[in-house]
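Note that chain A is present in both complexes that follow, paired respectively with chain B and with chain C.
This part shows the complex of A and B:
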C-alpha cells in the first residue's frame, strides 16, 4: 500500500497550493511594489520548478540529463536576456 | 470600390506594373501547364502531401533558389541605382522598399530555407534514421515557411512592400511614419514562417537526440549533424523572442498599444533591443550549418579525418551560448554608456576565438591531405580566406569607440555580406553540389560548376570590397543616391560590375542543373566522391525508407570504416519497415495561415476569424485522426534493393 500511495505528488500538490496562497497575499495585503514583485517572482519560479519535477516527471526517465541541461540553459539565457536588456536600456543608459 | 482601394500599391511605378503582369502571366502559365500535362494528381500525391524528409528538403531548396533569384534581382537593382551619381532609375521610396525586401528575402526566405532544406535531406541519413521524429510536423514547418514567403512576396503588388529596413526599427516602423500596410506584411510574414522554423527546431533536436543509429553516441555523430543540433538549440531559444517582438509590433500598429512608441510609457529602443536578442543568435543559426558542411566537404576531399573533432564540437557549444551575449554590438551608437559598450565589445571579440579555432582545424585537416579540387572543395577553400576577412572586419566593428565611425556606413554592409556570402551562400552551393548525387542519382557538371565558382568569387570581391573603402570615406548605407562631388561614383560602378558577375554565376549554376539533368550519366554508384560519413552508405538516389537495414556504427566516419577497416555496417536482416502516411492537412492548414495573415495585414476581421476557425479545425481533425502509419514488407524491400543493383 505504501508503494502505491503517491506521497511525492501529494506533497507537490500541497506545496503548490501553499505557493498560490502566498502569491495571493500580494493582492490582499498592503505592501510596496518592490516587495510584492519579489514575492511574485520567487513564488512563480518555485511553482514552475515544482510542476516540472513532480507533475511533468522531469527527473524520472533516461532523458534526465538532456532535460535538465535544457532547463538550465533556458534559465541562463532568460536571465542574460532580461538583465542584459535592463543594463542596456536602463541602468547603463546615459 | 472603396473596399478594393486598400489593395492598391501606394507608390506605383512602371516596374511594379510590369511585375504584376509578369506574376499574373506566370501563374496562368503554371496552372495551364499542370492541367495540360495532367499533373495535378501527381503534384498532390507526391509533393503537396508528402511527409518524406528528402522531398520536403528538396522543396525547401527549390524555394530557396527562387528566393535567391528574387533577392538577387533586388540586389542588382540597388547596385544599378547607385552605380552612377544622381541616378534616377529608382526613387527614394522604391529604393527603401527594395533594400528592405532584399534583406528579409535573403535572410529569412533564402538562407534559412536553404539551411533547413540541407538539414532535412542530410541529417536523418547521417544518423541512420528513417525520417525525422515528427514527419507531419516537418511538413507543417515547410508549408508555414512557404505561406510566409508567399505572403511577403505578394506585398509589392498588393498594398505595398515594407520600407523600414529589414531591421524594421521603431518608431520609423510605427504607424506615425509608415502608414501603408507594408510593415504589417513584415510582421505577419515573419510571424508565420517563424512559427515553422520554431517547429523545425524542436523536430530536429528530438530527431538527433532520440533517433541515432545503434552505436552512434553524441561524440560519434558526423560534424554536420552536430552543427545541426547546435543550430536547432539556438533556434528554439532565439525564435520565441522574435515571435513576441513581432506580436508587440503588431499590437502597436493595429491595436494602438505603445510598446515601441516614444510616448505614453513606451520605449522605441526596446524593438531594436529585442530584434537583436533574436537577430544575433540568428547570425549563428545561419553560419553553424555552413561550418558543418565545410567540415564534411574538407575532410572528404582532403582524404583525411577531420582535425580536432572535440575542439570543433566544443567551440560550437561555446558559440551557441556566447551568441546570446553579444547583441548590443548592433547598436553601440544608440546612447548607452561606456560600461555597456565595453562589456559587449569584449564579448564580441571573445566569440571570434572559437570561430578562429574552427578555421585552424580546417587548415590542419587539409595539411598533408590529398586535396582534390572539386566544386564543393573549391567553395570551401575559397571560403576560408574570404570569410576570415569578414571576421577581421567584424572585430574592427566590435571596437565600440571606433564603431561610431563605421556605424551605418557601407563598411558595415561590406562586412556582413563578406561573412554571409562566403559563409552561408558558398556553403549552400558546396553542399548542393556535394549532396546532389545523393538526392538525384547523377552528378552536377564539374566544368560549369567551376566557372560558376570563379564568377561568383571574383564577382563577390569586386562587388563588396569597394564598399569597405566608400564606407570609410563616409558613404552611408540605405542612401538612394549621392552627388558627384562625394567621389563615390567610380567605386560604386565597380561594385555594380561585380554584382553583374555574380548574376552570371547564378545563371551558370541554374544552367548547370539543367545541363547535368540532360547530359550526366545516371550510374554514379553509391559513393561518387569517395566520402566518409554514414549518408553515403545507402543508394543514390535514396530509397524512401533510407536504409534497408538499420546501420550499426562505431565512429563518426562509419562509412569510411566499412570501406577501409572492414567494419560491418549492416549486421542485421531485412525487417518490415514502419513508415508515416502522407497527409494533406499541413498544406491546407498553411493555406488557412496565409489567408489569416493576409486578412490581418489589411485588418479584414471576418477573414481573420474564418481562417482562424480553419486553422483550429485542422488541429481538431488531427487530434481525432486515427493514423498509425504503414508498413513496407520485406518482399517489397528486397524488390527495391534488387532494382538498385544487388541486395546487401
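This part shows the complex of A and C:
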C-alpha cells in the first residue's frame, strides 16, 4: 500500500492544500486590496509551479529543454496578453 | 518498434516521446488561450450594467468545494501515473476511476453554480461581466467534460489491453491534461472568485 503513495506526490498535495488555505485568508481576513492581490499572485504561481514539477514530471525526459522552453513561451505570451491588456485598456483610464 | 527499456513505458518508443512533446506544445497554446480569457475578464469585469456583480452572486462554499475536489483529483491522477510505472494495473484503474468520479462531482457543483447564477439573474446576456464570466468558467468546464470522456475511454482501454506502449502513453498524456486543468482552476479560483469576493 505504501509504495502507491510516493512521498513527493503526497507532499505536493499537502502543500497545494496549504496554499489554498493561505489564499482563502484573503476572503476570511480583512485586508487591503493590494495585500490580498499580492497573496493571491504568490500562492497561485507557487501552486502552478508545484503541479508542473511535482505532478507533471516536466523535467524527466530528454525533451526537458524543449518542454520548458515551450511552457515558458506560453506563460510569457499569456502574461504579455494579460498585463498588456490591463495597461492599454484599464490602467491608462483610472 | 524499438522499445527503450531504460525509460518508463510511456516514453519507450520514439513515437511516444514525440506524442508527449507534442502534447506539451498543445498545453502551451492552451496557456495562451486561457491568458486571453483572463485578459478579457479583467477588462470587462466592471461592466455589470444593471446586473449583479461578482460579489453579489459568488458563494464561497461551492467554490471551496470545487477547489478541493479538483486538487484531490489532480493528486489521484498523479498516483495513477505512479501506479502505472510500478506496473500495478489494479491500483492504476482505481486511481483513474477516483479521478473521474471527482471530475464528475466537480462538474455537478459547477452546474449547481450555473443554475444558481441563472436564478439570481445572471445569464450570458445580462452584462459584459456575466458574459465573460460564464465564457471563462464554461471554457474550463467544457475542458473538464471533454476530459471525463477521454479518461473513461482510457480507463476501458487499460482494463481491456493492460499496459502497452500505447495505453501507458495515452494515460500519461491524459494525466498532463488533467493537471493542466487543475492549474487553470487555481487561477480561476484566485483571480475570478477570491478577487471578486475580496
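Here is the rule we go by: the second predicted complex is superposed on the first by the 84 of 94 C-alpha atoms of A that agree within 3 Å, B and C clash if a C-alpha of one lies under 4 Å from a C-alpha of the other, contacts with A are read in each partner's own complex, and residues count from 1 in each chain.
In this section, a residue touches a chain if its C-beta (ideal position, glycine included) is under 8 Å from a C-beta of that chain, and two chains touch if they have at least 3 such contacts.
Please read these numbers as outputs of a predicted model, since none were measured by experiment.
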- Task: Identify whether chain B and chain C fit side by side or clash on chain A in the overlaid structures.
- Result: clash
- Task: Mind working out whether A:79 is in touch with chain B, chain C, both or neither, as first, second, both or neither?
- Result: second
- Message: Once chain A of both complexes is superposed, is A:56 in touch with chain B (first), chain C (second), both, or neither?
- Response: second
- Message: If we overlay the two complexes on their shared chain A, which of chain B and chain C does A:87 touch? Say first, second, both or neither.
- Response: first
- Message: Tell me which touches more residues of chain A here: chain C or chain B.
- Response: C
- Message: Quick check on the superposed pair: does A:66 touch chain B, chain C, both, or neither? Answer first, second, both or neither.
- Response: both
- Message: Taking the stated contact definition, name every residue in chain A that is touched by chain B in one complex and by chain C in the other, in rising order.
- Response: 63, 66, 73-74, 77, 81, 84-85, 89
- Note on the structure: Seen from chain B, its contact residues with chain A in the complex are 209, 233, 237, 241, 267, 269-270, 273-274, 277, 321, 324-325, 327-328, 335-337, 339-340, 343
- Task: Could you pull out which chain A residues touch chain C in their complex?
- Result: 3-6, 9, 12-13, 16-17, 20, 23-24, 26-27, 33, 36-37, 40-41, 43-44, 47-48, 51-52, 54-58, 61-63, 66-67, 70-71, 73-75, 77-79, 81-82, 84-86, 89-90
- Within their complex, state which residues of chain A touch chain B. 63, 66, 73-74, 76-77, 80-81, 84-85, 87-89, 92-94
- Item | Residue ranges of chain C touching chain A (in the complex, touch as defined) | 7, 11, 17, 20-21, 24-25, 27-32, 34-36, 38-40, 42-43, 60, 64, 67-68, 71-72, 74-75, 77-79, 81-83, 86, 88, 91, 175-176, 179-180, 182-183, 186-187, 189-191, 194-195, 197-198
